[in-house]
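Listed after this line are the structures, all set down as structure tokens.
Here come two complexes built around chain A, the first alongside chain B, the second alongside chain C.
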Partner chain A sequence: MKKFVNDPRQFVPEMLEGIYLASGGALKYEPKYNLIYRADAPNPNKVSIIQGSGSGHEPAHTMIVGKGMLDAACPGDVFAGPPVEFVYETTKLLNSPKGVLHIVNNYTGDRLAFEQGREMCEADDIKVETLLVNDDVAVKDSTWTVGRRGVAGNFFVIKAVGAAAEKGASLEELVRIGNDVIANVRTLGIALSSCTPPVKGSPLFEIADDEMEVGIGIHGEPGRQRTKIVSANEIVDLFLNAVVPDLPFKSGDEVALMINGLGGTTIGELYLLYGIAHKKLESQGIKVFRSYVNEYCTSLEMAGASLTLLKVNNEIKGLLNEPAEVSIRVF
Partner chain B sequence: MKKFVNDPRQFVPEMLEGIYLASGGALKYEPKYNLIYRADAPNPNKVSIIQGSGSGHEPAHTMIVGKGMLDAACPGDVFAGPPVEFVYETTKLLNSPKGVLHIVNNYTGDRLAFEQGREMCEADDIKVETLLVNDDVAVKDSTWTVGRRGVAGNFFVIKAVGAAAEKGASLEELVRIGNDVIANVRTLGIALSSCTPPVKGSPLFEIADDEMEVGIGIHGEPGRQRTKIVSANEIVDLFLNAVVPDLPFKSGDEVALMINGLGGTTIGELYLLYGIAHKKLESQGIKVFRSYVNEYCTSLEMAGASLTLLKVNNEIKGLLNEPAEVSIRVF
Partner chain C sequence: MTATEDLDLILKTMANTIVANTDYFCELDQVVGDGDFGYSLRSGFEVVQAELETFDHSNVGALLKKVGFVISSKVGGSSGPIWGTAFLRAAKEAGERIDISHEEVIAILRAAVTGIMDRGGASLGEKTLLDALVPAIDALETGLAQPGAAADHGTAAIQAAADAAVTAAEATKPMLAMRGRAAYTGERSIGSVDAGATAVGVILQSISGAWREAHA
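Let's look at the complex of A and B:
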């Protein structure tokens, strides 16, 4: 296994400790609940925003805790939702008079943990609302899901509600904004390789040297089809032909365009895909308001990429333009 | 080959076009010289800062053109220095009354191109100075180098002189600051896998499933030794035992600590390494002023990481804290 690890079972806690130590005091770490949270949270004048979900998708979501994004993240192990206890204890610790917002990617395990955790919190008179992210157009239901999966579009949901919460928006306003983003964001992923969870120690699935999986899930779940690898131009067509008609995105629309790396693909290839997608969208009259080219939601070291479109209005544009301060950064 | 490409020979220009299109007008692109440059350059009140070097190390250096960093980048093809013509034409186009600074990583091809390009510019009465980055402690001379190689420490040189240039520093001041950073920065890299240049279409070198290369070069050049993969704790010892005594870094020193991914390693593993290194340094009395955990200087999709230490004084700390605006970003 080509990984930097000690005991593979300690991969997640050791990574979380690194995030904590790298933060220079901006974050706190509670190992009992795999909990990374803002050192200044909870803030009584601000809704607390929490995500759980599995590890192995970094920087989502443990590395986007900070000002203007999440207040806390309490992940499970690699590709495993958090136990109910993590959700309950995190929500109690982060409880604010303005309420707590759970952002949940639509996977059965995550949903169960957050639904039960929310019920336990409500019994304690903690005010909780939930956003359910389901941006992946690849499949209607999947191995791990009833309904569509939540993938890289999750970033935009967190960015928008995180910025609004920073300005003092109420829990009800955040639910409206978050659901507006969810209604307008769509993603498709394509994998060129598998990935190896540290404890498993072997690849999640087999894929031939000349093959790709179109519509891959971020836990290696099957997508729409297994085909021969085609050119980058044809791959962008596969992305856009799935994503554009789904909303649909139309001539005259303004969008945020994200090319997200799945972990093992170079940033150079992501920019190459970006350039092709940008030109094809503009030729359809769809204007790119802002570009996002990086790793946002990965599947460990999987080679591959996803394309996300978010249709933006003035409110969303304003929220995307707000600053944020999180672990994952260059400077 | 598990890559998103069209014609592999067009990989670099298509990537550069993507960088240009993603910039929203902040950058310009001149395909004749693989040239990405700031839309507001040259600025007559500011020294212009230029880097050439090979492609395949992204985000270095084409994706760190922008305010507070490089004014222009004119890369060669993957792992190939730029032709002299690129250096000459780029320097002429970016010429400022305050002068032009070339930042050159110490590889024979890069040095030749920049030395000849500088001579041609000086014949045109363009004022040029050169910084030579050589932070890699792994080997004294290497396949591609007389003297030490320039690797991820390059980021800190650009950050410091980029920030100072933004404040109007003279060419002579930038040379002093840059050489101060170079004198205080040290790096070692470890590879777990090889990588595949797009045109070659096959891995640069062979490495067994249980092996790693200690002291790897960013073009796959051999390092100090080929050994079995050891635990992350032992790997951090290998890093620190090579880097710390080299300057030497001593108890009481303040440092910037960078864990740089070589391309195919997950950000989770990089944070895991960071946490271990942070604790080991603090136990030696070496205080971490600021953390850098991301991909800064890659070798395509190579699995691996490097550790860089920069000893900081008040001047360098101030320059590292300045803002910058480049392609590579999260928000």
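Let's look at the complex of A and C:
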């Protein structure tokens, strides 16, 4: 393992301390619960929005806490959902008279922690609602898994409900808006390399130099198929052939198009993919309303990318256009 | 020994075993998981190890409940809610008893199994800890029904349960993982033992050893 790290078990707390110190007072940090939250939260006139999830996906979610985005993030260790205590204590601390919204990516560990945490909060008369994000088209729904995974499309859910909450939307309205985004967002990821969780100390899986994993999960879970790497044009075809028919996105639709880096791919490559995807979509009559090209949801240092499409209506367009202030990303 | 003293011994042994096997449990989880199973379990059981003496020992239910709270609060990933719920359901079944019959021990363990199934949605044969735990409880029930069970304080029955768990854990090797993160690996999960089931075998072997020593 070749990483900037002291004790691997302290990787997450030391990272969180860095986020806190870099925020210049905009964020607070509670080390007991891996909790990063807005210094001005909770606000009695606003629903508090919390995401838990595992660490290792930065900037998701501790680095997107700020005005118009999340009020708090309480991640577990790298690639592990938070303990119930983090969820319960964070929700209590962020409790607002307007209620608390939990955004949960659809994984067994995250769901279990947030379900139990919500039950404990409700016993304390805290009003909690949950949004379950499941945008990954690589996983087939079946009776025995928890279903599709939540991946980079999660960003759009946070952006939309974050903007609406800032304007005073009720908890019920946020649930409606969030579920509308979830119903219209689809993602596929492709990995070119593996990644190494600090505690594990070795790569999560083996992949040859000339191979790629199509449909990778954000914790290195395998996807649809392992194949030889192909050209960028063919990779964009793989992305679009999986994502477009899934909703389906149709000629005349307007979309937000995200090319998300998985942690170890240059932003130049991401823009290269973006350009190809943009042209191919427009040639299918699908209009790109807004572009997102960067790292939004990563898997440590994994090389690779995901493509997300969100079909937008006037309400979602308005919310995506709202400003957001994430303190550590100020230029 | 009273039932709460016996339970104290079991919990202490369990916590010591989990802390001592942190790295081994992580290694088991590296095959199809992300290798943090040992650390996850440890983060709850090291609290049990350090603070067990201070927990309410007035009855079996109270002691189990406290452990259940600690595990579900401290352990991240899916292990916290699953192992925590097992203890909380066992606590509910045990109630305020201070003495426990062989039949009641089995009922308490079955309640824990039902809790695990409810929380995680798993059933037998899906390559989870249940595949070692349930055969172990079956063996314990059979053993405790033998004529000599009272005379040896259940020592032989507990050893039979631990052996059943180890055998059953080994038998998870050819199974296809159907739950949790390993399920995403599909066919690739075949050929390696389930980490949770193997941990159950290791823990029960330690408990059996400690039990034999205490009741010799």
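Basically, the second predicted complex is superposed on the first by the 323 of 331 C-alpha atoms of A that agree within 3 Å, B and C clash if a C-alpha of one lies under 4 Å from a C-alpha of the other, contacts with A are read in each partner's own complex, and residues count from 1 in each chain.
The rule is simple: a residue touches a chain if its C-beta (ideal position, glycine included) is under 8 Å from a C-beta of that chain, and two chains touch if they have at least 3 such contacts.
Being a predicted model, the structure only gives us computed values, none of them experimental.
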In the superposed model built on chain A, check whether chain B and chain C fit or clash. fit
Chain A-centred angle between chain C and chain B, computed on Cα centres after superposition, in steps of 10 °: 130
Thinking of the overlay built on chain A, is A:148 touched by chain B (first), by chain C (second), by both, or by neither? neither
I'd like to know which partner A:102 touches here: chain B for first, chain C for second, both or neither. neither
Looking at the overlay, what does A:326 touch: chain B (first), chain C (second), both, or neither? first
Quick one: classify A:24 as touching chain B (first), chain C (second), both or neither. first
Using the superposition on chain A described above, determine whether A:271 touches chain B (first), chain C (second), both, or neither. first
Should A:199 be classified as contacting the first partner (chain B), the second (chain C), both, or neither? second
Once you lay one complex on the other using chain A, what is the shortest C-alpha distance from chain B to chain C, in Å? 18
Just which bits of chain A does chain B share with chain C as contact spots? none
Chain A-touching residues of chain C, taken from the complex the two chains share: 26, 30, 34-36, 39-40, 43, 72-82, 84-85, 119-121, 126, 178-181, 183-186, 188
Within the complex, which stretch of chain B touches chain A? 2-6, 11, 14-15, 17-24, 55-56, 58-59, 63-64, 159, 192-193, 209, 229, 231-233, 235, 263-276, 278-279, 290-291, 293-296, 298, 300-301, 303, 305, 320, 323-324, 326-331
So in the complex, which bits of chain A are touching chain C? 9, 54, 76-86, 88, 107-109, 112-113, 115-116, 139, 144-146, 149, 197, 199-200, 202, 204, 217, 219-222
